[in-house]
Amino acid sequence: MNLISKTPIVILNFKTYLESTGKNALELAKACEKVAKETGVNIAVAPQPMDLYQLSQEVDIPVMAQHIDPVTAGGHTGSILLECAKEAGATGTLINHSEKRMKLADIDEIVKRSAAEKMISVVCTNNIEISAAVASLGPDFVAVEPPELIGSGIPVSQAEPEVVEGTVAAVQKINPSIKVLCGAGISTGDDMKAALELGSEGVLLASGIILAKSPEKALLDLVSKI
Amino acid sequence: MNLISKTPIVILNFKTYLESTGKNALELAKACEKVAKETGVNIAVAPQPMDLYQLSQEVDIPVMAQHIDPVTAGGHTGSILLECAKEAGATGTLINHSEKRMKLADIDEIVKRSAAEKMISVVCTNNIEISAAVASLGPDFVAVEPPELIGSGIPVSQAEPEVVEGTVAAVQKINPSIKVLCGAGISTGDDMKAALELGSEGVLLASGIILAKSPEKALLDLVSKI
Amino acid sequence: MNLISKTPIVILNFKTYLESTGKNALELAKACEKVAKETGVNIAVAPQPMDLYQLSQEVDIPVMAQHIDPVTAGGHTGSILLECAKEAGATGTLINHSEKRMKLADIDEIVKRSAAEKMISVVCTNNIEISAAVASLGPDFVAVEPPELIGSGIPVSQAEPEVVEGTVAAVQKINPSIKVLCGAGISTGDDMKAALELGSEGVLLASGIILAKSPEKALLDLVSKI
Amino acid sequence: MNLISKTPIVILNFKTYLESTGKNALELAKACEKVAKETGVNIAVAPQPMDLYQLSQEVDIPVMAQHIDPVTAGGHTGSILLECAKEAGATGTLINHSEKRMKLADIDEIVKRSAAEKMISVVCTNNIEISAAVASLGPDFVAVEPPELIGSGIPVSQAEPEVVEGTVAAVQKINPSIKVLCGAGISTGDDMKAALELGSEGVLLASGIILAKSPEKALLDLVSKI
């Protein structure tokens, strides 16, 4: 059921908004599940660490970690252990989100350990060169997000289409089995349609849905033109 | 019921051991609950972030966060938000554990925000001077752990009793309402008894219990001489 | 000659402005030296790491490091070693500047090692509680700078005099031998006069002088009402 | 004269050894200069930040930074600014050394800014995948160092020749203009010869020379079989 890699895919990053914390997180995940079932579009949610277990128990769509720390089992108080994320229900993880940039060696480690544990890896990047670099590490997805557009309301698929197209081309050249997502400023059906037409296989988004008056309606609009 | 500040107290830090992850975490927390009820000693557990919600639902002893990130609600993907920890059931938090050292300004921020949210703050320190420094920030507890003894099996209450006594004296001088805990190498009833006789009001411990053949028996021994 | 602890003292933090880099750094240090000699006021400069050696060779006023990394001799490529700073001519160091916040345990380490090497330690803080905390670590100076006023042009000595007075009182209570400096928004003779009247023994400043049309004139004005 | 990119090249990383601090750093750099002149082999030195200016004044071989911080001019107290490094005499910089791992986005930034300032960029990596990743960022050199061999005395060119060959192949495939160096455990002429035969164009090394009884003799041996 949790065919997280089925595309086109929408990944909703809950970030640390109060609107997507605790009970609100559960309600939002339920809305995602409802829209996914009604429309057949694959929608995954990436809640905060302490909300992940509950959501994975309560909804039947893929639940992902927002981040995994580069630590192994043992003495790492306060860190997020990959094995713990998996057992709590994470079917994949964001890696190197622009709000949680990681060291290159640590990205490599988490991509490899995700693969070993059959968890989907989605590495976030900020430009074409970095996307190409990440492709050499072999993740399942590369999600390119020009940092200046994140949370701006200006969709990357319209403001910087060449970044999406260039990323698709660069990643394909290195490793054709890696899928490209795009993010930053995405919120409407037109944004998503444009993103797919540029060669991406889905979107990574947050505030455009989370802070909408009705996240459910916003999601329905988002996937309406696929 | 969750009178987390009742002393003497035992805080069991689950760290990131596989023996205290997921189902193992739940089993361990149940053992802690059983011993707490049988003996009347206050035992709190500090599980990994993604295990916290489940444990707070399943056991009736205080559940604490291992760490809270110095971020406020909004765009902080991958971080542990205080409000999310509270809603997930955390009644307090460790701060500045030796495996997750924090910047001074961030310790101050989390202590203040914990107080505002009525969560208990336990700031870890590594010597007398730092314990005195932390006392000026006004947490509920200071937990002193000489770093060279952590995980060593050599109990601080016997190897460096002067650190515990000196911390109690230094903290009392700055702010008599702050309670002192001690940790590092603690595992037996004699260790705990010695810790209390030195003026501390409890212990913070991990591997001595978590990695024991029977954590329940180890806990019973730990609190047997109080 | 390098009586860095003589007060009142002005510490000019060169930060990483191009106006205080390389040749500009040398010119600025010469202006500080000139004003110090003309007025008798103790003026110390804290240049960027790679400018420190040259300045310590060329001027006869105290030269301080902006930061020392918490590493010991050995394998720490890219770090700033205390012993190297000292041999390069640093007579003291800023610690925990608001632009380079440090972990509590690391502040403690650098304060102690500075004392052992007879280097003056100036620990930056952001409020009264943190200033009191730092006083327990025993540095030579505590420099309080409300972060919201840094680079604002609004002088702390006028906007938040209670922070300066409160810091002086709190630090004195913990350890009367520690001197208090204040910073943030300081640039004129009136600002400095007010700072001293509030009980501080000097100021820590940067942009108000560095970015002035004539840093020399700005410095002369700064010390004109002492 | 400072044709830093002439190969074969030896880059001597001074790390933070006391044996390569201050006066010792100068003496060591002089030895490198002497051997470079006698043998015609390109030898570059990477001293600690506070020693860089003096060395660039005193020796006529390339002097490199060990690290540059991802900051721009302005308010970044304690950071190492690229423009300051350049003006102090750095003709290039190590990036992402195993002892100073950087975030992927920051590596990209420093590689691009180094190129803009005509400084040579040497990005350190730890395996073939990461080397390939870095090649997409377009630095001048990739220096591969298996972390388990660093400081071990076991030369990478003999213990893990496949890592060197694999890195050369992977980097060439992405961008043939990028040169590969190797490091970890290198200290003798045989090690260096083997490194070149595997396709690398030089070595990055430290303790094998710095801690030798006579660094000059060790250097002479190192380059004796080229």
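Just so it is clear, A, B, C and D label the chains in written order, and each chain counts residues from 1 on its own.
Methods note: a contact is a pair of C-beta atoms (placed from the backbone, for glycine too) under 8 Å apart; a residue touches a chain by one contact, two chains touch by 3 or more.
All values derive from a computational prediction rather than experimental measurement.
K.L.:
If you take the chains that touch chain A and keep only those that also touch chain D, what is left?
P.N.:
Shared contacts of chain A and chain D: no chain.
K.L.:
From chain B, what is the lowest number of touch steps before chain D is reached?
P.N.:
Shortest path length, in steps: 2.
K.L.:
Pick same or different for copies chain C and chain D, depending on whether their interface residues overlap by over half.
P.N.:
The interface of chain C with chain D is built from mostly shared positions.
K.L.:
Taking the mean of the C-alpha atoms as each chain's centre, how many Å separate chain B from chain C?
P.N.:
Chain B and chain C have C-alpha centres separated by 37 Å.
K.L.:
Determine the centre-to-centre distance between chain A and chain C, using the mean Cα coordinates as centres, and give it in whole Å.
P.N.:
Computed value for the inter-centroid distance: 44 Å.
K.L.:
Just give me the whole-number Å value for how far the CA centre of chain A lies from that of chain B.
P.N.:
Their C-alpha centroids are separated by 34 Å.
K.L.:
Which chain C residues touch at least two other chains?
P.N.:
none
K.L.:
Looking only at which chains touch which, which shape fits best: line, ring, star, complete or other?
P.N.:
ring
K.L.:
Throw together a list of every chain pair that touches.
P.N.:
A-B, A-D, B-C, C-D
K.L.:
For the complex, give me every residue of chain A touching chain D.
P.N.:
So the residues of chain A touching chain D come out as 96, 101-108, 125-127, 129-130, 132-138, 170, 174.
K.L.:
Mind pulling up the chain C residues that touch chain D in the complex?
P.N.:
Result: residues 13, 15-18, 21-23, 46, 48-54, 65-67, 71-81, 83-85, 87-88, 90, 94, 97-100, 150-151, 206-207 of chain C touch chain D.
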